[in-house]
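What follows is a set of structures for review.
The same chain A turns up in both complexes below, where it pairs with chain B and then with chain C.
Let's look at the complex of A and B:
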């Protein structure tokens, strides 16, 4: 017959074993739920905006090369790229105007990002920077040719990642039109100057 | 224990080594300066289709055409690139140095 003491010792051992099993099982479940399986990871905001800008750049370049150059006055002469293209039967939007049209279409299609072409010296005042970060970004890219600007800002209670990419005077028509335009605040642009910037904004 | 003469020789050797490692090809240094001031605005990220600095895919076929061809293209304009990137004051030597600098960013 077992003594009371040995019975107590036996039950203590059982309890300890039970506790050990429960602990190991709980730890295993915890580790599996935390680290197990493939988990979707988000894209870094800068990677996201750089990718968007790469597409915008490519489309704008291709429009310039394949449509404006090929079919315009220096090519087939079939179209007339002009600011007032709507007034002409064979008028075609300038690359910057095509770019803006894309931005407007994107605004209508989704709310996951916005983009706009802005300038510290806009011909149309609605294209001037509106937020302090836009102004900071446009100033930075003007002062640091070849560099981009990245930052975060809060607008209307929403946090945004804001990237500003340089818009460069790449052709004589860019410079001539802006310098000679009746509404331009700046008349001494030169080829290679940063005339403004593409502002891409992504809600965080 | 190293003698004073030995220490002097050692220090001299170290100085020669450091200066050899840190000396840049003067052409590349000039090229970098020209690139930063005149070319980087477009070539750092491919504005208007410009071949991107350090991008093997963009520069590989161009490098194969030879330096003289690239200098001629950059000097007179090519495709969507305006002559001398709009910097009319650049000399052919400066353009050559800038292109050599851009080519130096590619892997051999």
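Let's look at the complex of A and C:
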């Protein structure tokens, strides 16, 4: 039978041991995390797609203003931006075609995201919204100018984070060409209108 | 008793496995391993399984690489309307579950000859509707057209629409049946060679027997060979015997008694490349994994002249060696083997009479139409025509025949006439003697939409 005094001493020893272990462990952790520095953390999907869209928009706007407007029929007349540009002398892709070419090329380079240009009033009906989320997104950006649409959907057994950004008519050629095209379902686009949407998908 | 039967079974199993295993890995004749007849497109290389089946395991990508290693370039040149990149967006996932258009074999499956349609298609012909259901609402003009009539003559093609897209139809809508200037491009090979040699300060002149360099040849020189060579474009342009009959100019280089396309390739790369891509030379192509012998008419299901059945194809089969007469190669060589309705009808055709008149000097140069004019067309490599190459891939303009419109027919004819003529099967059989009896409405439809 152990005495009360020796029991108290024993429990004190246990507490001391526990304290020692805890303090050594926390000290180690502190030192380790101090030395570790910046550890990379994941990016929020929304931040990711917003960033991608910023690049796409900037590149296409620049292409329209710096190349098409400057060298095209309204400028130097050195290039012919037309739908069938590959078959024309000095033919150049239209901004929407340049955008789509980028989307196709990206799929060969990188499989962490895909993007496409779609519209509720497409010239080529294959660019009409297909999935329910695309329809919802395009309708949302039409009804809520200035806002983006974000959601998640499942396609072909894979979950995607889907972002839909408004594609706004930034230059007169955008509305003129679309209004006059023989296949357009809408002939009263105006500058500043939402003509369609850029749909960016990130597999989750 | 049981042991006996077990023993027999074991022996049989090992025997059969060994037989097929040996055949698969080392066998020369793999015919029993073929799971079904190969299509007309590939039957020539069916004995070289590993040309397409590069890996036993690897999934659809392995076969896709096999297709693209031979066919990718042509599709790129054709500005393929349905490249793989059109389908890789995940928004198409549900459509791809039925027809996976990212892979060639989804629509062109080999070894199922019994269900293979034209162009190697192994799908029902109304496949277009699977993705293009909007046409019903979008095109009033297509209301009464059958669902399997999309990819028909003069209308649409899945891959190559260079002569069929709307903008092209509209631009060339008003062309007459015969163009005012109806000439094929002038060949430029000889001229460019002389210019190239001049830049290197090398003299190019007609050679005589005294100039001939056949240093590594031993034996008696056949006299007619020398005369043929002297009269040929080679002899007239300082091309020596050893330039073809040896792989180097040194005196101890081995003499090649029968040079083949590899020797011709040292100067005529584009022509040999085309030859190896077409039906004449595909057995000899570098992309074929096993060494195969050149095709002979006997092995083909087309009709050939009896005396030609055993002739192996090669450069010299058409361009007889030492003479290398391109005029002979353009008509006589073809008709020396080909014996089908279209070939036999050529000699009665208006195209042939133009060719005859050109040879006799009654018509300007390049106004005649030989077999080669259509089936191995002269292609301008630049707009000015300073570089013209004869495309030796006889398949390049053959199927679908709309591929012939731009490089060939439109040299002399308007687009509307060319489309109608190529859609008229009877007219093709009698080698274009007469006017087309069919009218394809493509141009009319395009103009109609343009007016709106």
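As a convention for this text, the second predicted complex is superposed on the first by the 164 of 204 C-alpha atoms of A that agree within 3 Å, B and C clash if a C-alpha of one lies under 4 Å from a C-alpha of the other, contacts with A are read in each partner's own complex, and residues count from 1 in each chain.
As a working rule, contacts are C-beta pairs under 8 Å (C-beta built on N, C-alpha and C of every residue); 3 or more make two chains touch, one makes a residue touch a chain.
Note that this is a predicted model, so its numbers are computed, not measured.
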{"item": "Which superposed partner A:65 touches (first chain B, second chain C, both, neither)", "value": "first"}
{"item": "Which superposed partner A:84 touches (first chain B, second chain C, both, neither)", "value": "second"}
{"item": "A:192 touches, of chain B and chain C: first, second, both or neither?", "value": "first"}
{"item": "Touched partner set for A:145, first chain B, second chain C, both or neither", "value": "first"}
{"item": "Partner chain(s) touched by A:155 [first = chain B, second = chain C, both, neither]", "value": "second"}
{"item": "First (chain B), second (chain C), both or neither touched by A:114", "value": "second"}
{"item": "Residue contacts with chain A in the superposition, chain B compared against chain C", "value": "C"}
{"item": "Chain A - residues contacting chain C, complex", "value": "82-84, 86-87, 89, 103-105, 107-108, 114, 116, 125-126, 128, 130-131, 134, 155-158, 160, 182-183, 199, 201, 203"}
{"item": "Complex interface listing, chain A residues touching chain B", "value": "57, 60-61, 64-65, 69, 145-148, 165-166, 168-172, 190-192, 194"}
{"item": "Touching residues on chain C, where the partner in the complex is chain A", "value": "79, 83, 85-86, 88-94, 96-97, 131-132, 134, 138, 162, 165, 167-168, 383, 449-450, 452"}
{"item": "Partner chain A, residues of chain B touching it in the complex", "value": "36, 38, 40-49, 79-80, 82, 85-87"}
